[in-house]
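So, here come the structures, one by one.
Two complexes follow with chain A in common, the first pairing it with chain B and the second with chain C.
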Partner chain A sequence: MNLLRLISWPYVRKHVLRTVLTTAGIVLGVAVFVGMHTANQSVLFAFNSTVDRIAGKTELQVSAGETGFDEAVLETVQGAATVRVAVPVIEAVVDSQREGQGNLLVLGTDMTGDRSLRDYDLEDADEAIIDDPLVFLAQADSIMLTKAFADRNGLSVNSVMTLGTALGPRAFTVRGIMKSKGLASAFGGNLAIMDIYAAQRMFGRGRTFDRIDLATRPGVTIEEAGAELRTLLGPGFQVDVPAGRGQQFQAMTASYGIMVSISSLFALFIGMFIIYNAFAIAVTQRRSEIGILRALGATGSQVRRLFLLESAATGLVGSLGGLALGLLMARGIAASIGTIMQDVYGVAQRADEIATSPALLGLALAVGVGTSVVAALIPAGQAARVDPVQALQKGRYQVLSAGENRARLMAAAALGIVSVLCVAVPTSRPVFYAGYLLAIVVALLLGPILALVLSRAIRPLLKWLRPVEGALAADSLIQAPRRTSASVAALMLSLALVTAFAGMARASYNSILDWVNGTLNPDLFVSPSQDVVTRTLRFPAAMGDELAALPGIERVQRVRNARILFRGTPVMIVATDIASLAETAPREPVEGHPTEMYRLTAAGQGLMISDNLARLAGLHAGDAIEIPAPAGIISLPIAGIIVDYSDQQGSIIMDQAVYQRYWRDDTVNVFRIYLRDDATADAVSRSILSTYAGERQVFVLTNGELRDYILRVTDQWFGLTSIQIAVAVFVAILGIVNTLTVSITDRRRELGVLKAVGGLRGQIRRTIWLEAISIGTLGLVLGFALGALNLYYILQIIERDIAGMRLDYVFPFGTALALVPVILIAAFVAALWPAESAVRGSLVEALEYE
Partner chain B sequence: MIDLDRVTRQFEGKRNVTALREVSLTIAKGDLVSIVGPSGSGKSTLLNLMGGLDRPTTGSVAIDGESLANLGDDGLTRVRRDKIGFIFQFFNLLPTLSCLENVGLPLHLRGWARRKVHERAIELLQLVQLGHRVHHLPEELSGGERQRVAIARALSIYPPILLADEPTGNLDTRTGGDILALIDDLHRRLGATVVIVTHDLQVAERCQRTITLRDGGIEQDVRR
Partner chain C sequence: MNDAVGSSPVGPACRRVPIALGSSPVGGRTVRRPRLLAGALLGLTLGSPALAAAQDARQIVQEVQKRGDVRSQRYEGLLQVFNARGTVSDKRWMLERLGSYGASRVVLRFTQPAEVRGVALLVVNHPDRASDQWMWTPSIERDRRIALQDRSQRFFGTDFSFEDLEERDVQQFDYVLQGEEAVDGESCWRIQSVPTRTKSSQYTRSIVWVRKSTYTFARIDNYIGDQVVRRLTYGDMADVQGIWTARRLEMTDLRSGSRTRLTLDRLQYNVPMTADDFTLQALRRQ
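And now, the complex of A and B:
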């Protein structure tokens, strides 16, 4: 501790800027770790608390995925011996028709029973109506709003507001306003309550409910009630506690979680290299100080401890800064995840409060300090081995020895072979991930050698560009590989992450585009909601015939899609007229016969499943699968496997007749419309809208509009890439400023000589700028190389563990090209201040000898 | 050629140190002058001021009739680049550049064409008898050879003024003698004004004029 105060503290005070930059490395790593995990946790927390608030005192929920079920099921549930109260619920996402207010989640409930499960806690109400549910029920236009929503829109009791329903815009009268707590605080207040039977009509649900919320009789456990209900209802129904929905939500965000973990790991690695760089440089620069300490009797282990303590202190300060920055970042990231996740409910899942756990913060702190100490291990070891006699002599000590290079090469070769074996031999998931980690380690081991080779390779070019400045810039890199390579390594890691994610985005985009082009080829799509992912509003089946009768329309295909639980995971059921689909949008199967699979599926003798579901669930053509449905278990063989991106977790495509038989539901989410050759999309679209004006809420999207929408949603998923590019730029600036600051100190005499023999300020600046741009160039070359490898692993992870999607390997040349100027400009910007400081130095002092 | 008018140089710190005190001096064109004196007498400070490496606290320095006082950083650099060649005790060669590149450095900085730089650097290396070492790095040379390269670099622009700070201080006696002979020879052949700072009285005695400094002032100025 005394050494820390006597030796380290003065060094820190003398090199404030460098200390700040070093600490920033850990701040960055910890901030990304905390920010991303906290954001993820916050959204999950917000979702879970929303589920809790909506659930009220509900102990169990009966549902059949998103498909809903016949209202007769309610009687069965209410008749169960273990059930005290059971209340049907319909959830519908409707357009609030108010600018900037987004969608509103409308809960349709049975007011006669629901108040024993949910406390509406009214702030203001037409008491006579609310107190008598029958009156509320009798007035189908009654609605209850939250105080937050009412205040935002200037609404009060007895105000009239319009909502977009399946029957078109309908006026509702506000009968009560709920206090902004509990239920009313879900979705930031964008929630309304109405009578369930009115909701069935308004949202085109026929005689179905979405779910039944229930409470058990006193003395009955939840498990007992669950068991009884499962026996009564059969496997087509899910009987689960409300929190079960949170788990499903978590499953859907798992892919994001894996990406978050990979990003965090890279961020910590990057931070580690910045710390390593700083300590390697510090050991080099404080060599004579270490020599004096050793000469005065300090042992090697005391010197090692000194540096490790310094790194722990840096790690602690950096981690604390990282925690603060991470929590700030979390808010922004949570907002973006919330927006992405809104397709679960259709209403933006806002994470108003940042939910973080002491465990996560403690882990981040430990990881930050640990990373810092690990990063300083090698420099601290080198410091401990400093020979006191040599340390007090002048000379070059940054050169990588041939022995060190050989050891690195051998280690890299050995680990490289193991890494390739881990991938080549099909084995378990941990082996694959170990192979991935080893591949990164190999790249890091080779980094300094490759940086040196590349520096030598670009010297002639730099010299050709500027004979003096260019040659000196390259020489500076060659002479101090330690100084250069850690910055290059940090930049390499950062760019490898950006490249791989951009490649993944590009590949997904291409695959989805291919699917959109092959499958979504109707001229028009008719949907009951503007937001096509919202499936809570539906059309009656009869509307298909009405549409087919309209002039200009050649063919209408009904599509019903809904998520159900298949083997415990939410997957999408897509039910349509398969025979018609085979004629208009046949897909090449991944497995199965191209025509036979359509014939069998259309005849109700088989099913088709998406490629990603097959991969995630380990299914093949010919396998028989069982799908539990409200009216029994569908047991059919897989007739074919096709590429289908209807849902991230996979989809099951069946004929509409099968779906109707097993779900007793003939409603439609979307009509796919093919036009006659002589019809125009515009004219038919107008005709459809005028036919249903005032009767139904109808949105007609052209093929181009739907395609744009899908691609926009896809883009949102990959919005993370832009955050990573920002991190890469920050890393580039941080690493380069750090390296150049030291480079200028190291090259003080050289720059002094340059000035003494006639180097103008512009020429001095140019040599620093060229050095920075060279570091940027090395980082780009190595980053793209590692990125190419990283992309392979990321695609494998997606195929194996995330979405089951088999994506084509396409290197993202567009992003790479865009990154070149971004990083080179960042490098140049990073060099501005160091270059000025090089110009300003005293010439006499620079030429003096110690 | 070099005029110093009541030049004082003070270094500020916790304790102010006056390295030169009101020194006035004129060195004529073509002179070979040595500056001697004990450590701390202000020899190197005086040389730095003559070479435009440093600025006086008070007083003025003029080179070839041009006052340095009003020149900015780049102005001073141009004076050094066009009129002054430096030879340092520790050679100050750039370790990563070959002999050829080190000698060509000032010419590149002046923007000369590559071919012309190459020709001149070869010519100068041959002049200092290092024609066989053009592609060697400084670390591959002996101390005397390094100083020859440094001299060749100082002469690359054929400067009217050559300033040498202890040019033999880091060399053995025989090599030091060779270097002095070379400087002497170049002085005669090129007609440059040469100022040598030295501790070595034998070196000083080979010069036409010797200025002795003590405690920041001129103690003696002997012409031969």
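And now, the complex of A and C:
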């Protein structure tokens, strides 16, 4: 510690800016890691918390995915010997119709028994009314709100508020206000309770329930009750603890989690190189100091420890800063994830508070400090080996020996072969990821060599551009390969990340656009919700015939989609009139016969599945699959595999008759409307709206509007990617600034000599500018090369582990072109201050440097 | 008790003894549905002259039930809940019952206040299984099946629990005659009723006071542990068509301090009724 105080601290104080820039690398790496994971955890925590609070004393829940089930199932559950109390539940997320208040989670419950499971804890109510569930049940417009929501909206008992329902906007009377704790704090307090039978009507659920919450009899274990219920109900029902819903939600966010981990890893890698660079330079600059220490009797290990301690301290400070910044970032990111979950998955969840996990923060701290220490290992080792005599010879340290280059090359070749084998030989997931990591390591090993080669290659160009300054700049890069390669490596990693994410976004976007063009070709879409992914509200089947009878309408296709559990994973069921679909929007199969698959599916003799589900579940055309449904197990062959992006986890497309038979549900989520040639979308749209005005909540979207919506949602999804890209670019710029600052400081004497022999200020400036632009150029070249490789891996990860989507490999030239000026300008701007610092510094001081 | 809303032509009356509205312990796995207020009120009655000789506790309880046996019944009820803060809320209903213990059908239709007007309950009792119950809600034009799973819950905001409304099988309780005591100046038998081990109940025991003069209940104290938690009193006794009937019942929740009073008005026994009026269709029609 004394050495730290006496030796390291003065150095830090002398190089504050450099220390800050170095620490910033770790700050950003840790911030990305903490911010994104915390945001993800916060949304998950909020979801689990909502589930928990709503569950109350519920021990088990019976459900059938999102499809709901016939209300008669309730009696079976209530009749189970192990069940003490079982109550039905409907959950609906509706528009609160209040500016800035967002959605309201409406919980439909049966108050005759529900209070055994949930404590409504009424804050302010007319007891004569609200304490009497009979009145609550007797009045279909009864609703209970939380105090938080009521206060925000100036509502009290007997106030009337309007909610969007399947029957259109309906007035509800507030008959109770719950204290804002427990149940009432679920969904950020945006919670309302109403009678379940009124909810059935208001939300178009027919005679179905979403799920049944239950508690077991005393002395009965949850496992025993679960086993009995599974036997009674069959495989079409899920009997699970409330926390099981969180696991399904987690499955949906898993893909995001993988991307976050990759980003974090890259960010930390980049931070590592910045630290490495800073310490490598520090060791060079402090050689005489090290020599003196050694001469005074300090051992090599003491010197190594000193540098490692310095790096640990840097890592600690950077990590703490990263934690703070990450937690700040998390709130914004969590809001984005919440929006995406709503728009992409139709699962409404808002994260009002940030769920900080001590384990995550501890891990981030450890990773931050660890990364910093690992980054300093090589410089510290070299410092330990410094010979007091050699310490006086400036510059030798920066030279890469031929032997070192050979060793690197050999290591890179060996690891490269292993990496290729990991990908080429289809094995397990860890092997694939190991191959990915090795590929990055190979790139990093080759980085210094390639940087050196490229530096030499561009020397003539630089010399041609500016004979003196260009040559000086190129020589500086060539003579200090470690410094150059470290900053180039940091830039390369940043750009590789940017390139891969941009390529992934572009490929996904193209695929989705292609699917939208091929599948979503009706003229109009009629939905009970403003966005088509919200499946809270549904239409009755009879509405299809009513629509078909309207003038101007040629064809109506009913679509019912809902997420179910298939082999333990939530996938989307899409049930529609397949014969009609085959006529209007036939798709080329990935596997299967183009017409036969439609014929078999329409006849109820087969199913079609999406390509991504086939990939994720390892299925092929002709395979027989079993889908558990409330009315039995559907056992049908896969008639065809098509590209379908209805759901990120995959979709199963079946004829509506099959769905209705097995789910006993003929409700509709969306009507696809094709118009007659002489009809206009505007006129028919008006006609539909006027037909159902005051009766139903109906939204009519034109084809263009739906396409815009889907593409907007896709943009939102990739919006998170843009955060990562922005961070990567920022880190890249930081790397350049850091490198140049360090470089200028390192070369003060050299620059001083230049000035002493008559070098003009302009020449010195241009030298530094050219050096900066050269670093940018090297980073761009190597970054795009590694990015091309990284994109391949990212697409593989998407196909194998995230969405099963087979995306075309297309290098994002547009993004790459855009990055060229960005990075070069950033490099130039980053060089401005170091250049000024170099020309304005005292000549005497510069010559005395070191 | 689900299956004993009134007199019972099915099976011997002595097999099932409704201790009436909310009395004593029950619970039990054989009883899935409470019989709600409507049915419970029927069991409060007693009739006929005094029994010749003193019997043991079980015989006394069986005799209470036997004397309340009727073919049908109709009355208008006023239900008043007095909470601890002194607030009073009133509800009125019309109750009709056809049949007797074990196979009776009851329709209870709320008439006041306006918020609950038209809400109706149909209870169909079965001799061999739990009763079926439906509630009709006119505002959404829906009937719903009522499954009462937690009988310690309050019955629609009153001080009666669902369990209090059930009739009990006399065989599912052990009775001990603890002596004689006066209640409101009337000489009564004091009987302890404890659910048998096969029964489940929120109450660990009940003390029942039966008027010696009329074989009607005078009071029931329900215990959880050693604490009396609910007390039911029977008052305003009258001879209605030869059946001694309590026309005012009052349940006090001794923990919260609130009480609920049920007053029977225009009570008639053995009124002509048809089975068609006690169906789900009939419930929806009205």
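Everything below uses one rule, namely that the second predicted complex is superposed on the first by the 798 of 850 C-alpha atoms of A that agree within 3 Å, B and C clash if a C-alpha of one lies under 4 Å from a C-alpha of the other, contacts with A are read in each partner's own complex, and residues count from 1 in each chain.
By definition in this document, contacts are C-beta pairs under 8 Å (C-beta built on N, C-alpha and C of every residue); 3 or more make two chains touch, one makes a residue touch a chain.
Bear in mind the structure is a predicted one, so any value in this text is a computation, not a measurement.
Look at A:Lys755: by the touch rule set out above, it reaches chain B but stays clear of chain C. Once the two complexes are laid over each other on the shared chain, residue contacts for A:Gln763 go to chain B alone; chain C is not touched.
Of the two partner chains placed by superposition, only chain C is touched by A:Ala198; chain B is not. Applying the stated contact rule after C-alpha superposition, one finds that A:Leu817 touches neither chain B nor chain C.
Touch criterion not met for A:Ala359: it reaches neither chain B nor chain C.
Applying the stated contact rule after C-alpha superposition, one finds that A:Asp110 touches chain C and leaves chain B untouched. In the superposed model, A:Asp475 makes contact with chain B only, not with chain C.
Of the residues of chain A, not a single one touches chain B in one of the two structures and chain C in the other. For chain C in complex with chain A, the residues that touch the partner chain are 81, 83, 87, 89, 91, 110, 115-116, 118-119, 135, 137-140, 142, 144-150, 153, 156-157. Every residue of chain B that touches chain A in the complex is listed here, in rising order: 48, 51, 53-54, 73-74, 77-78, 80-82, 86, 88, 90, 92-97, 101, 104-106, 108-110, 114, 117, 153, 157. Across the interface of their complex, chain B is touched by residues 396, 467-468, 471-472, 475-476, 478-479, 749-750, 752-763, 839, 843-844, 847, 849 of chain A. The touching residues of chain A, when paired with chain C in their complex, are 74-75, 78, 83-86, 110, 112-113, 115-116, 127-129, 131-135, 137-141, 195, 197-198, 201.
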